Every structure is written in C-alpha cells, then in structure tokens.
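Order as written gives the chain letters A, B, C, D and E; numbering starts at 1 within each chain.
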Amino acid sequence: MEYLRQLAAIVWKDVAVELRTRERIAAMGGFTILVGVLFNYAIDPTVVEPQAIASGLIWMTIIFGGMLGLGRTFHLEEEEGAFQGILLSPIPRDALYLGKVVSNFILLTAVTMLVFGVFALFFGLGFGGHPLALAGVVLLGILGFVAIGTLFSAISAGTSMGDTLLPILVFPLLIPLIIYGVTATSRLFQDLPVSEVDGNLRMLGAFAVVALAAGAGLFRFVVEE
Amino acid sequence: MEYLRQLAAIVWKDVAVELRTRERIAAMGGFTILVGVLFNYAIDPTVVEPQAIASGLIWMTIIFGGMLGLGRTFHLEEEEGAFQGILLSPIPRDALYLGKVVSNFILLTAVTMLVFGVFALFFGLGFGGHPLALAGVVLLGILGFVAIGTLFSAISAGTSMGDTLLPILVFPLLIPLIIYGVTATSRLFQDLPVSEVDGNLRMLGAFAVVALAAGAGLFRFVVEE
Amino acid sequence: MAREFGPIQAVDGVSFTLGAGQLMTVFGPNGAGKTTLLGILSGGLKPSAGEVMLRGTRLRAGDPEWHRRIGVLSHKSFLYGHLTLEENLRFFGRLFGLRDLSVRIPERLEQVGLADRAKSAARTLSRGMRQRLALARTLLHDPDFVLLDEPYTGLDAHAAAVLRQVLTSLKDGHRIVILVTHNISQGLELADRVAIQVRGRFVYLGDRSEVDADSFERAYRERVEEEG
Amino acid sequence: MAREFGPIQAVDGVSFTLGAGQLMTVFGPNGAGKTTLLGILSGGLKPSAGEVMLRGTRLRAGDPEWHRRIGVLSHKSFLYGHLTLEENLRFFGRLFGLRDLSVRIPERLEQVGLADRAKSAARTLSRGMRQRLALARTLLHDPDFVLLDEPYTGLDAHAAAVLRQVLTSLKDGHRIVILVTHNISQGLELADRVAIQVRGRFVYLGDRSEVDADSFERAYRERVEEEG
Amino acid sequence: MSSKIRWSGAGLGFLGVALVLVVHWMVFFWVPTERTMGIVQRIFYIHVPSAWVAFMAFGIVAICSAVYLWLKDERLDMAAVAAAEGGMLFTAIVLLTGPLWGKVAWGTWWQWEPRLTLTLLLFFIYLGYFLVRSSTENPEKGKRFAAVVGIVGALDIPLIHVSVQFFRSLHPEPVVINPEGPSLPGDMLTTLFTGLAAFTVLFFAFFLFRYSLEHMKRAMVHRELAGEGSPLQGGVAS
C-alpha cells in the first residue's frame, strides 16, 4: 500500500509540474502538428498514398516525441536538486522507476492520441477495422519504449556525456520494438485479420514485460551515487 | 569592433558549452538517424519512391531538429541565472541576438549535414546535379528559420506558458519558408535547371534578411524585464 | 570514512560518534569537504571506505528505513519551483508515507512564517523564504537524525531565532543533529561537540565544554593555517 | 521608486542618494524587497515608477554604458557549470570588452584563492568556492557602482576577510557600494549609510554615525515589528 | 594466480588454432558443396559459429554484470569487460563474413533488413557499453552503468534470433536451432559443430588473456594511486 502511495506521489508530481509548465507536452504536440502540416505540403497525394507511409510516420512521431520527453525526465528534476531530495526519501527505487514510467506513459499516450487525431484530420486516414488490436499494439509498444527509455535516460543523465549517450544506448534496443510496431500497425491499417499481428503483439508484450522487469531491477544501480 | 568581439564571445560560449554537454546536438542527431532508420522500414520502396518524399522529409527533419534545439536556446542559460548575467553586461541586445543566431545556425548546419548524410546512406539518394544551388536553398532556409526561431524562443522562455507558445507562434511564420524550401529542393532533386528555383531562392533570401532585421530590432523588447 | 572525486580527496579518514540529543557543529574552510561528509552521512553519496551506524543499524544507501529517519537540508533547496509551497510539502510528505499532511503542512508553514504564501509557486519566493521552506521540508517527517548544511543562509533575524528554537527542541527530543556553518558564534551556541575539518580530515574534534568561545576563533584560524 | 509583482508590492517608494566612496547597507526581513531593489538599481528589472541616476546619467535598461559601470553579485552565481573557472571569467570579460584578460583573470582568481582550480568545471566547486568565483566575476571589470546581495553567503573566515579588504579598497577607489545582508555586525562594519527595508519601504535611512552598533539590533527588531 | 590464467590461456589458444586448422581443412576439402548456393556457401561454417560464439560472449557479459551488481566483486567486472571485447570481435567476424557471402548470394554487400540491422546494432550496444564506462567522473559508477547496459543489451540476442521469422527477410531462416530440429545434412552439421568448437575454444583463450591483462592494468593503476599519491593530497599526512 505505502509502495503504491509513494509511486502515486511521483506520478502526481510529474503530472502537476507538466500541467503547469507544459514544457514536454508542448514540444511533443508541436512536433506532431508540424508533421501533419508539413506532409500535407510535402506529399503529393497523387504520387504517394498516405496509407503507405502512415504507420511509419505515426511511429516515428510517437518515438521521437517520446525521446524528447524521456530525455528530459531526469534533467527536469535537476534544478534546485529536487531529484536528490527524492533519492533521500524512503521511496523504494523500483517504485520511483515505476512512477516515472507511469507518468511518462501517460504523457506519451496523450501525445499518441494527438498523433492519431492529426493523421485522421490531415490525411483522412481510417485506421482499419480492429481498433482494439491497434490500441493493443500501440500501447504495448509505448510501454516497452517508456520502460527502456526511462532507465537509459537516468544513465545518460548521470554521465558526463549527457544526452549524447541516450540515442546510442536506446536506439539499438528500440529498433526491434519499432520494427514490430510498424509492421503490425501497417497490417492493421490494411485491414488484415488480427491473427496476422498475433506474433507481433506477443513480441511487443514480451518486450514490455522484460524491459519493465529489467528496469525495475536495475534502476537502483543507476541512481546510486 | 567591440560589437563583433562581444558577438563572438556569445558564439564561443555557446559552442563550448554545446561541445561539453552535447545536449542539443545529441537530441537532434538522434532524431535524424531515427528518421532514417524508421523510414527504411516504414516505406516500402516498391510502393513509394523515396525521391518523391525525400525533400519533404528532409525539411521536416531539419525544421523539427531545429525546433528542438532552438526551443532550448534560452532555457539552457537559466540555471544559475547566467542569462541574467549576460543581460547585465554591456553587450548591445542586437549583438546578443545575432550571436545566438550564429551559434544556432552553426548547430543547425551540422545537423543538416547529418540529415543529408543519413538520407544518402539509407535511401541511396542522389541530390541532383546542382550542389551549389541546393546548398544555397538549404542554408538560406536555415538562416531564416533560425532568425525567427531565436526571437520566438526568447519570447516563449519569458512567458509562463513556456514552450507551449513556441510552436504556436512560429509555425504560421514558417509555413511560407517551408513551402519555398520544399518545392525548391524537390525540383533540384529532380535535376531541373537552376533557373527553376531562382524565384524560390530569392524569396528565401528575402525572408532571411527581413527576419534577421526584425529579430535584431525587436529582441531588446523581448528580453526587458 | 573516506570519499574522493578523481584526484581530490574530499573526505579523508573522518570518524566520530554522537549520542542521542547531541548536536555536533562542523567548521572548516571552503572546499574542506563538509558538504561531502554530510552527503555520505545522508546516504546520498557512497563512501569509498568506512561505514555509518545509527542506533545499531548500518547505513545502506537506498534503504527506506534509513532514509525515513534522516532529514537533510542541503545547499540546494530540493524544491520544485512550479509547485506551490503546499504542494511541495505534500509531495515530500507522501514520499515519506506521512498520513496527517492536511494538518501537518499548515502547521509547519505557520512555524516558518510562510502560511500566507501557501498557494504561491515556490519559484516566486525570496531567498530567505526558500530557505525557510527547505527547512520545513527537512523536518516534515520528524527525523531522528538531522543534517543541516549552512541552515542560517539567507534567514533574517526572526527566522534565525525560529531555527535556534527548532534546534533546541530537536535536542530535547533526543534527536541527533549535525550542523555545518561558517559563523562561529551560531555554530558554538547550541553545540555539544565541535569539529574542524580541513582538506577532508577532522583536525579537531572535542566536546563543546573543552573549547572556549572567545578564543575559538583564533584557535580555529591557527588550525586551518597549520593544515591548509 | 516602486515595483510590484502582481498583488505584492515588492519595492515601494524608496528613494536615496549616495556619494562616491560611500557604502550603504540595506537590512530587512525576508521578502522585504531588498533583492528586488537591487534588481532595479542594476537595470535588470524595470521599476514601475521612479528612476535611477549615476553621476548625472539616467539609467536606461540595456544601455551598454550603464552596464559597463555596474557590477552585480546576486543570489544566483551567473556561472556556467560546464565551463571552467577561467572560461567563465573570460566569457564575461569579453562581454565587457576587456582586453587584458590573460593577465587579469589569473590575478583575480589568485585574489579569491581559486588559482589552483582555474581549469576545473565550475559545477565541481563547493558552495563557498562558487561564491568566490561569482565575486571575482562581479568585480572583473572594475565597476563604479557595485551591488552585493548577501555576499558573505557561504564564505569561510578567510574569504570573508578578503571580501572585507575588497570592500575597503572599493571605498578608497571612490566606488559606490550597496550591500544587503542579514548579519548586523558585518553590515555595519564598513557602512557609511544604513537603511532598513520592510515590506518594500525604507523604514529607516541614516548615516552610519547616527546609529549605535550595540543597540542597533534592538532598534532594528523594533522597526521591523512595528511595520511588519 | 594471474600467471596460471595466462598459461591456461596459452594452452587453449594452441588447441583453438589447431581446431581452426582442422575446420578449414574440412571446409575446403571434406564437406560437400551445397547444391543451390555453390562454393560460397562454405563461408557458412565460419559465419554461423562466430555468430553463436558472439551470442555466448554477450551472454557471459550479462551474467557477470548481473552478479557484479549484486556482489560488487571487481573480478566479475573484469570478466565482463573481457567477454564483451571477445563478443565484439566475433560480431565483427559475422559482420565481415555476412557481406562477403551476401555480395555473391544476394548481389549486394548490405541490406537494411532486420537481422542485419539488429546484428549491427548489437555491435553498437556494446560500443555503448565501453562508452558509458569511461564517461563518468566516478569510475565505480561507470562500471555500474556499463553493467546495466550489458544486461539490457543482451535482450537484443533473442530478438536477432527470431527476427527472420517475423519479417519478409532476405536472410535465411534457422537451419539448425529450430523447433523441428536441424534440417542440415550430417556432414555439414559435423563441420559446423567442429567450427563451433574451434571458435568457442579460441574465444576462451582470448577471454583468459584479456582478463589477465585487465587484471594487471588495474593492479598497476592501484599501485600508482597507493604509491606516490596525487600532488593534491600532498600536505595531508601529518
């Protein structure tokens, strides 16, 4: 119980700060809208069919929007040393990690909804006939991404190389996730039967579970001074 | 002379800090590579010809990479109040603005080169037969973008809404720039004669000059407390 | 106990014990390693050698029980500028698993004289107000073991008197307090033990009763010059 | 002179004059508006009413000539953590158009006792060291008009003595100095004029010779209580 | 202690070289040529065992790192470093032999397709492993970070293995480690496993040498620190 309450405190704080500053959501949201506007001009719909690239674009927008937010997960805390304050409190390290994962997940889900909205609006994209399977693919993908990204952004915040390391560390691990996500999404957009994405869903789920477990177990070694 | 030396001090400081932390270049570089990798998977080359969307993608990558870096231009200074320290020094406000423009321009040029490298590598894209005209289009575009973006990132850093405003303020102004840039670039990719992009080049140049003049003139009203 | 940063030996062979209700003051020149020492004691920095014991428990960084019993006031305020005063305290209170926050927070804000600013964002506070809030945060969970790094910084005469009162009541409550300061009279005032740290090492450690308030300043300067 | 933040009147109807070689100390409780006052004097904050004159020139924010003559030590250090000590001073020196930085910087670092750390990143400094560096930065361009907000913060006895020396030599050099502090003895020591600010307003302003060092503390407390 | 390690390393090294010679003899003179792909298929016996040995090496890195985080024993960290370098070496062999084969079989050196990309990225993950190690001010923290990267990085291995099954991929599907059992003719299987044995032995020889080198390096740094002491500590002794 106390574990959950501490975890909730982290989530509550992150959400409250984000609602006040809107720093991360704005950067991500701006990007999303940019993608929409730009592709409207850049892509000649008679040459390229939006459907053909939508799943890639959507994932790229989500992942990059996510990198943007995740990269700052721990930097945001640095001013006035507040993160140090959290580490000096009796919150178990895994609760802290999971709290951060949850708040990043919320943030990213919001952005993802915006992404889908923008794509529907600008490209008149229908998303295929399996909204549940689609939601499953996207949410599991985000979860795995956030689980890895949160862990590694703590590492890169602790090194002198700063953010340079984040992409180097995270991309190799994310690429499989992206590949599974993109292929599953584009199959669903093409209205293929759900059984076609079964394997991908399982892989995304496995990825998320393993990444969460690894993150929760390893986080304390990362934040130790 | 002193004007130039003060301007150079700003540029030198920004470059030195960026080389130490690599914060912005990493975020931008990571994004660029991600775009490359992702589109490789997302786009089925048998359906969509990379050439058809390359110019749009390239500009989107540059503009968004830029937003990312520009948005943090003044946030970076906030810790320990260093920006306040600069404002209390006798540097003319326009020199400060131009210094920031130059350092952002350097940063963005580096990212742009990376973008072209990545696209060449991943999509085997040739860039058409007019490298000079292409460089002209891209560099003028970046300059105009940086001139606008630097001014507005100072505005948004000073308001309580933080980064939320940046995209909202900048996008409407950027749309013409993007349209001219994308069309010129895609014509050059298609190996059309340089005369085809003459008009666009002139528009981009005019945009950059006007934006720089406006920025230099208005900056001091933005940073006043 | 020891800790180094690259070639700099920040804390070097320091060792001491304190009883319940005792307050130790650590003096020392800039860069002596006082803040680093408190960092080790708080569990925030791992010592490269040595250990810390509190009433029979050994310190393990990240051990919730340990952190629950310690309160730290550092150079940094550990506050979120975008949260209000109340929200800041509520956040830290929840991390410490406190239940009676709706009573406790107004009480503590009242104590440090910030009750009327409860709904302001922390970033609009003046320096002294921020230090007061940081103090309230440090003591919010009634820790057994309190580490205060230059707590008088930025406080006005009134707030300094409140702090002095708080320290007295901590001692009466059998808490252990370690205080770092550069102000000799403020440092000696409530101390039971006094230490001087120079270049990482304790060059002096004695009971308050052994030192003479008037001559301490000279004695301190001599020690520092000798060792520096 | 006045300035408010929303409903808070931070500086309210303050007005005074100082001659060359004079040092004024401003006392006042937390949140009295001392820092805001210095902000206005430095040209960093625009007053909502009133004006500042220095030797016949009127302050206009952003006027290079004005900024060239002022040095400000604020609560924040204005330093870049990722640049070395030397680079920090070089950067600010260049902004002020100084030419002899290769001589001046080592000299100033020596003065504040940081010469051996010249190549360290500023973020590895201890609090007192950071304050010393901020002091060096403030005085790097030999300003005519020096604003110091709690400059003794974090300084050890040695550095405080250096600061005292510096203040004396500033007065000898006919500079104008305004000092904010909570420490009454440090504040009175070198002052020519003394002010007490409460809730934005100067409730006392007089020559140093008019106030009695021993009874000032009591007088101060009375003033504050009366007005607060 | 460390000399014993070096002697066993030398012994394994000789054995490994001998086995490699045997494999080469088998590859060139003994094993029959594969019908569809022809003579280049023989690179298979180098390509596949190196990939497996690299996987094993990174597995060792992950295990040693996990135990290191738990026990904080310096030797485990040294073992992880040694194994990581060995793993990168064998990954490099895969990344060299693959394109050689691909140039003939597919007509291109490189394709951005899942298995190839993931294998390349595996190399980069462990490059990151060495990067974090050297990019913290506190070396102990660097080791911890590296251990975390080493553990999480190993997640990539199963993904590489299954990658060919989920995507239209140019790269062949498993012919040995698949649920239906090996689908390879006996001779080829024998050659493959001899190659595997040879590379495994070579890896362990490399591992032992690298380990003892790391051991000596750290002992030296340690002596330096303890011996002269840094100038900054000069005045401390009293």
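By definition in this document, a contact is a pair of C-beta atoms (placed from the backbone, for glycine too) under 8 Å apart; a residue touches a chain by one contact, two chains touch by 3 or more.
Fair warning: this is a prediction, and the values are worked out from it, not measured in the lab.
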Chains contacting each of chain C and chain D, listed by label: none
Where chain C and chain E overlap in contact partners, by chain label: A
Of all other chains, the one whose Cα centre sits farthest from chain D: E
Central chain (distance from its CA mean to the mean of all protein CA atoms): A
Separation of mean Cα positions, chain E and chain A [Å, integer]: 31
Whole-Å gap between the CA centroids of chain A and chain B: 25
Intercentroid distance (Cα basis), chain C paired with chain A, Å: 39
Centroid distance [mean C-alpha coordinates] between chain D and chain A, Å: 47
Residues of chain B engaged with two or more neighbouring chains: 21, 37, 41, 79
Per-residue multi-chain contacts in chain D, two or more chains: 75
Of all residues in chain E, the ones touching two or more other chains: 117, 137-138
In the complex with chain D, residue positions of chain C that touch it: 5, 28-31, 35, 75, 124-129, 132, 150, 153-160, 182-184, 217, 220-221, 224
Chain B-touching residues of chain D, taken from the complex the two chains share: 39, 42-46, 61-62, 64-68, 70, 72, 74-83, 87, 91-92, 94-97, 121, 137
Of chain E, residues touching chain A in the complex: 69, 114, 117-118, 121-122, 124-125, 127-128, 131-132, 135-138, 141-142, 144-145, 147-149, 151-153, 155-156, 159, 162-163, 165-167
Chain D partner contacts - residues on chain B that touch it in the complex: 2, 5-6, 8-10, 12-13, 16-17, 20-21, 79-82, 84-93, 220, 224-225
Complex contact set, residues of chain A against chain E: 148, 151-152, 155, 158-161, 165, 168-169, 171-173, 175-176, 179-180, 183, 199-200, 203, 207, 210-211, 214, 218, 221-222, 224-225
